[in-house]
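Chain lettering (A, B, C, D, E and F) follows the sequence in which the chains are written, and residue indices restart at 1 in each chain.
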Amino acid sequence: MTAVTPALLVVSAHAGDFVWRAGGAIAAATMRGERATVVCLSFGERGESASQWLAGKSLEEIKEIRRAEAEAAASALGADIEFLDLGDYPLRESPEAVARLVDVYRRVQPTVVLTHPLHDPYNGDHPAAARMALEARVLAQAIGVANSDGSFPTKETIIGAPPVFFFEPHQPEQCGFVPDVLLDITAAFDKKRQAMECLPAQKHMWSYYSDLAVRRGVQVKRNAGPNLGLAHDTMGEAYMRYFPQVTGVLE
Amino acid sequence: MTAVTPALLVVSAHAGDFVWRAGGAIAAATMRGERATVVCLSFGERGESASQWLAGKSLEEIKEIRRAEAEAAASALGADIEFLDLGDYPLRESPEAVARLVDVYRRVQPTVVLTHPLHDPYNGDHPAAARMALEARVLAQAIGVANSDGSFPTKETIIGAPPVFFFEPHQPEQCGFVPDVLLDITAAFDKKRQAMECLPAQKHMWSYYSDLAVRRGVQVKRNAGPNLGLAHDTMGEAYMRYFPQVTGVLE
Amino acid sequence: MTAVTPALLVVSAHAGDFVWRAGGAIAAATMRGERATVVCLSFGERGESASQWLAGKSLEEIKEIRRAEAEAAASALGADIEFLDLGDYPLRESPEAVARLVDVYRRVQPTVVLTHPLHDPYNGDHPAAARMALEARVLAQAIGVANSDGSFPTKETIIGAPPVFFFEPHQPEQCGFVPDVLLDITAAFDKKRQAMECLPAQKHMWSYYSDLAVRRGVQVKRNAGPNLGLAHDTMGEAYMRYFPQVTGVLE
Amino acid sequence: MTAVTPALLVVSAHAGDFVWRAGGAIAAATMRGERATVVCLSFGERGESASQWLAGKSLEEIKEIRRAEAEAAASALGADIEFLDLGDYPLRESPEAVARLVDVYRRVQPTVVLTHPLHDPYNGDHPAAARMALEARVLAQAIGVANSDGSFPTKETIIGAPPVFFFEPHQPEQCGFVPDVLLDITAAFDKKRQAMECLPAQKHMWSYYSDLAVRRGVQVKRNAGPNLGLAHDTMGEAYMRYFPQVTGVLE
Amino acid sequence: MTAVTPALLVVSAHAGDFVWRAGGAIAAATMRGERATVVCLSFGERGESASQWLAGKSLEEIKEIRRAEAEAAASALGADIEFLDLGDYPLRESPEAVARLVDVYRRVQPTVVLTHPLHDPYNGDHPAAARMALEARVLAQAIGVANSDGSFPTKETIIGAPPVFFFEPHQPEQCGFVPDVLLDITAAFDKKRQAMECLPAQKHMWSYYSDLAVRRGVQVKRNAGPNLGLAHDTMGEAYMRYFPQVTGVLE
Amino acid sequence: MTAVTPALLVVSAHAGDFVWRAGGAIAAATMRGERATVVCLSFGERGESASQWLAGKSLEEIKEIRRAEAEAAASALGADIEFLDLGDYPLRESPEAVARLVDVYRRVQPTVVLTHPLHDPYNGDHPAAARMALEARVLAQAIGVANSDGSFPTKETIIGAPPVFFFEPHQPEQCGFVPDVLLDITAAFDKKRQAMECLPAQKHMWSYYSDLAVRRGVQVKRNAGPNLGLAHDTMGEAYMRYFPQVTGVLE
């Protein structure tokens, strides 16, 4: 058993999702010296840029604005970022898009994957992103599935079975989102706040997601066993596992 | 934040349950030098001792046989064991039984709790044990809830919020048991096997639960991320969390 | 393997429940020459006899009226009937009541058990009856569980593991009732109708439950495979299994 | 009502699935003299042939190897087999593929259908196969839906409403698989073992699925009513119904 | 806050669905002077016109027959009706079909939307219609999503977030349909009956759905609080909300 | 049909629960001129008064403190309040307690009932309160169920079927709490805040539950149809219905 380099892969439907929902986990990983890669499947150019459309911006202008904001936010979190530009509202699943994601998996070799939950009655792009992220993860494991350029992978470039965590949707109860992992992001919260502030068009979200971090932080404390001496200002993020946890110690 | 001593508490409806279902977790804990305490709420004297009844043994004889077997099995696992002798088939919930469990929690100060799942259409004693284990855990947290001798606890003797894991029932799918934790018990399996062999009346279970460990071990491998170099003979046990996991690292 | 005599046991919370909800299954069994036994845990004297209370009847009078009606209905169905007179609204679970049911199971040796579903937000007596029926069924299997007179059962008097079917509650969707068995009661419907007409105080239910039989009959036809040549006037009853079906043939 | 000839149709995503998961049911049917037809939607050439890819085989070679193995296994079970060669990893749903399955249904006139469950987080091809099998079954019932050659069916060639059973996935609890039918395959198990041995590349699965048959056999015994005199070495397979059971007798 | 004109939009997979399942709600709306618009995605020409196929009618003839019937039924209910003619059995989802529905939403500006539930094992067209209705509803809200002619919407032509109600499928329990709204349609029932009688090929459904209205009417009464003085002949329809109810008063 | 006087009944396990979880609904009712009655089953004297126990207060002193606080809070909300003093941690269900609640129902004649949800892994008193509230509601409907003084009710004193709403638990997702009603409490929020400030020992909860009102207010806006002109500072409370909504208008 050789050491494996931790690598976090975040598959985000739109350019901002990874900030609000997983910024703490991303910053915590990079603060530990690990690599984090964000893949934005679209810019959220049609469905999540109302103020820019109202301001008369063109589609291309909006995409550029959102790209720049997302790059700044990723930088604040210490993460790499790339954009597949698949279009949004709707984000449509396609074999080609999945094939590009297979390439990403094989290049990044993630040890942990974060994406949206599979159900969201308010935004169909989120489940579509999750379905593609999950399908590509399975295909990337198979040595008989070609890369997108037609070449075949090797034993070294196929991937294992990294755990997948769904991050929190906007209205969790309506999405069947029941947190089974509460992540302590206290130390990483400052970076998450900086990343949020890279997204000025959604300024009202800064306090909303700061309040949410407090709320999830309270739950971190409520659910912590006696061996965690948590401060009163614990900040948290909630996640849901898609696969069972594998461990050598119950804790 | 001071270091907390790990302590495992296992609440078992009958004298044998902890062996078949959680023997690996118990042995793994004691092999790490941690303390493990098993509380058997009954001996399983009426409902799980058919061969002894058929052999004409008396109730007291059967209880003594099962006590001795359970003590031997606990010893093989390196665990302490105690018996509340509440009767089985049915195991009836009562305020007095819960109060005795509150005392156990405050004495043991568990950092992890294992018990039965809350639903089992084949054996009502198992959910009854789980309900009492869960109720006592909450009561033991409250400084206003007296000990069973009428004295009041102190800040030092109330407990925190230890995580609770349900161990695997005999027919998991019928009990709503969906494993969300797969525990690698490879190193601990020999001790689990020894403990199983302390229960001669259920000899056909030895191979049954060894096979199950293989099966859950296959799942350990299937769900393990790339940073786990697992051997082909991995053995496993399945668990289900009752509360969300609290963690500082997604993995 | 020796032949087993089919025997149907129906555990009914109130005196009328077995008629509306399971009359077709009961009549179908007795028409095949099988024995059917109905156990009414109460008469429904408080909760389901409003018109008699309004008419100024006393509690004892009401119990007698309902006993007589239920006996007539059971007779129309060809079934034996007995009454435990445990009281209703609420029907309270107790060790004594369960012990009496254990005796019934050991005496009747049922090959099939019918009772209420486990959830009913409109009537708590129904789930209470089901819980007792299920608990007693498990206890009756154990050779170490005494009869209610303190004697012990023998290998011949303990029971096996008869399948349990929940019959249809009044508002099925609100009770989590999803039919997984649709019973063709076309041939038995006349007897069910006769039994319903033994309950004159609930005359408006006659047409209600006849309509329901038509509706479930339509579903019998819709779900029948090509090897069932069903007539247009098929009548049905819906049931829900509590345990998996055991079979030698998928069909 | 004329007699209907029993006919079993098994829709399998990959060439081996029907052996591990439904071999007992297939052999049991053919041993009763009934016809069984297996339709493999793909060969599993990309996703389930890792050892052959590592050995440097070409795609066409792998497909031929797996076809031959599957034919041998089907022969051991006494079943017909055909291959739609739709590709795997991913198996993509398409109107054309569904139309070919409609033809199969109308030709085979199945009285029972077996396929994969609708949810499987480990293998997207399995639910895709199930969705196509279910869609085609409904379309094949409609006299207004043309055959794939453009001709229209007759009253004789449309199908009825055969029951559908989902067979057991590899990690049942993670797939929402709750067995509601336990099939006794004791007499058929030798043929299932022979069929498994036709798949040499997955030799480690032979014992895995033999152990599973023992485990499901134990559950057959645990859930059997008193009228089944089952031997200690009962072997079983687990299934889940998609539609309610239609029956004239509760048992 | 300006007054909003109530407008009901009903998205129906086939030409008859809106009558059987939502005729009461539609008539009740138009009787209040509100506008109601029905969109039929197909005519049900292949899957729900068996008698016409058996009578040798052509596809186009069948479509015309069903269009005329649906127009008559809509007229009886006081509703407008339009047909997208997308084909049935199967009704296939497509970006073009969704875009046409987006146009409908922006034109109709619905304050309430009715459609099929998302799960129906008996008829895949129903969930397909629901998925398109839901996707189009979200897209129609976004100012960055173009109309189908390529023009962009204005602040006035995008829509808000109208509540969505699923109407009752044929076999509700099998579709996961748990009514959370019971609509009193007593006053509207005559019009619903007239609309049903516009569909002569399904004459057996007239009494079936009249009986269902009685049954749901009984539930209206059973669940009504004390401030509803309901007559004995209350008629009802059942619905299921997809989004939480927003209200200023709990009642 | 005579007019019914609206009356709100709130059944609260502990003295503070009704304030945090339902204060907005209560204030909104009394601001409409309706009567609201709060019944506290216990004072929360053992389980929710840690700071007072640590300060050395006696049980009776703690109960008096909490009674006074709850009375002040109820007064701020404009509600009546009464205390059954059944004890907490655990709050035990009993026939006597249920009988007292039956009396309350018959006296208050509620048109709406609020209580805790039926599942809460963190606090068993909450589900116990809900179970008693629900059982008493059904018993209070029956003319054959005596009052607690042994007298019988009349047609005027039995109750109808008031709707029941569960208010939000502390960790909603862990309690299976999926809001299906979002109540706009904007106008009532000031009174709720005043009531919260009557509970000085839980000062950290004031901001926590104010933040929650903002969060639920955002959801009120997100789920509101186009006919609601909601301001940006909408405040909300979330509820879950136990019975289907009965209505004459879908909206």
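Throughout what follows, a residue touches a chain if its C-beta (ideal position, glycine included) is under 8 Å from a C-beta of that chain, and two chains touch if they have at least 3 such contacts.
Chain labels with UniProt names: A, B, C, D, E, F = PIG-L family deacetylase.
The structure displayed is predicted, hence computed values, not measured ones.
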Each chain counted as touching chain B and chain E at once: A, C, D, F
Cα superposition of chain B on its sequence copy chain C - rotation in ° rounded to nearest 5: 120
Identified repeat of the B-D interface (over half of residue pairs identical), from C-D, C-E or B-C: C-E
Centroid comparison with chain B (C-alpha atoms), farthest chain: E
Chain B against chain A, contact positions shared by both copies (same if over half, else different): same
Relative to chain A, chain with the most remote C-alpha centre: C
Averaged-CA centre spacing for the pair chain F and chain C, given as whole angstrom: 37
Intercentroid distance (Cα basis), chain C paired with chain A, Å: 53
Residues of chain A touching at least two other chains: 122, 174, 179, 219, 222, 243-244
Chain contact topology (line, ring, star, complete or other): other
Interchain contacts, given as pairs of chains that touch: A-B, A-D, A-E, A-F, B-C, B-D, B-F, C-D, C-E, C-F, D-E, E-F
Of chain E, residues touching chain C in the complex: 122, 170-174, 177-179, 208, 211-212, 214-215, 218-219, 222
Residues of chain D touching chain A in the complex: 45-47, 49-50, 53-54, 59, 62, 89-90, 92, 121-124, 174
Residues on chain C engaged by chain D in the complex (per definition of touch): 1-4, 6, 8, 25, 28-29, 32, 109, 111-112, 114, 159-163, 165, 179-184, 219-220, 222-229, 238-239, 241, 243-251
Touching residues on chain E, where the partner in the complex is chain A: 95, 98, 134-135, 138-139, 142-145, 152, 155, 242-244
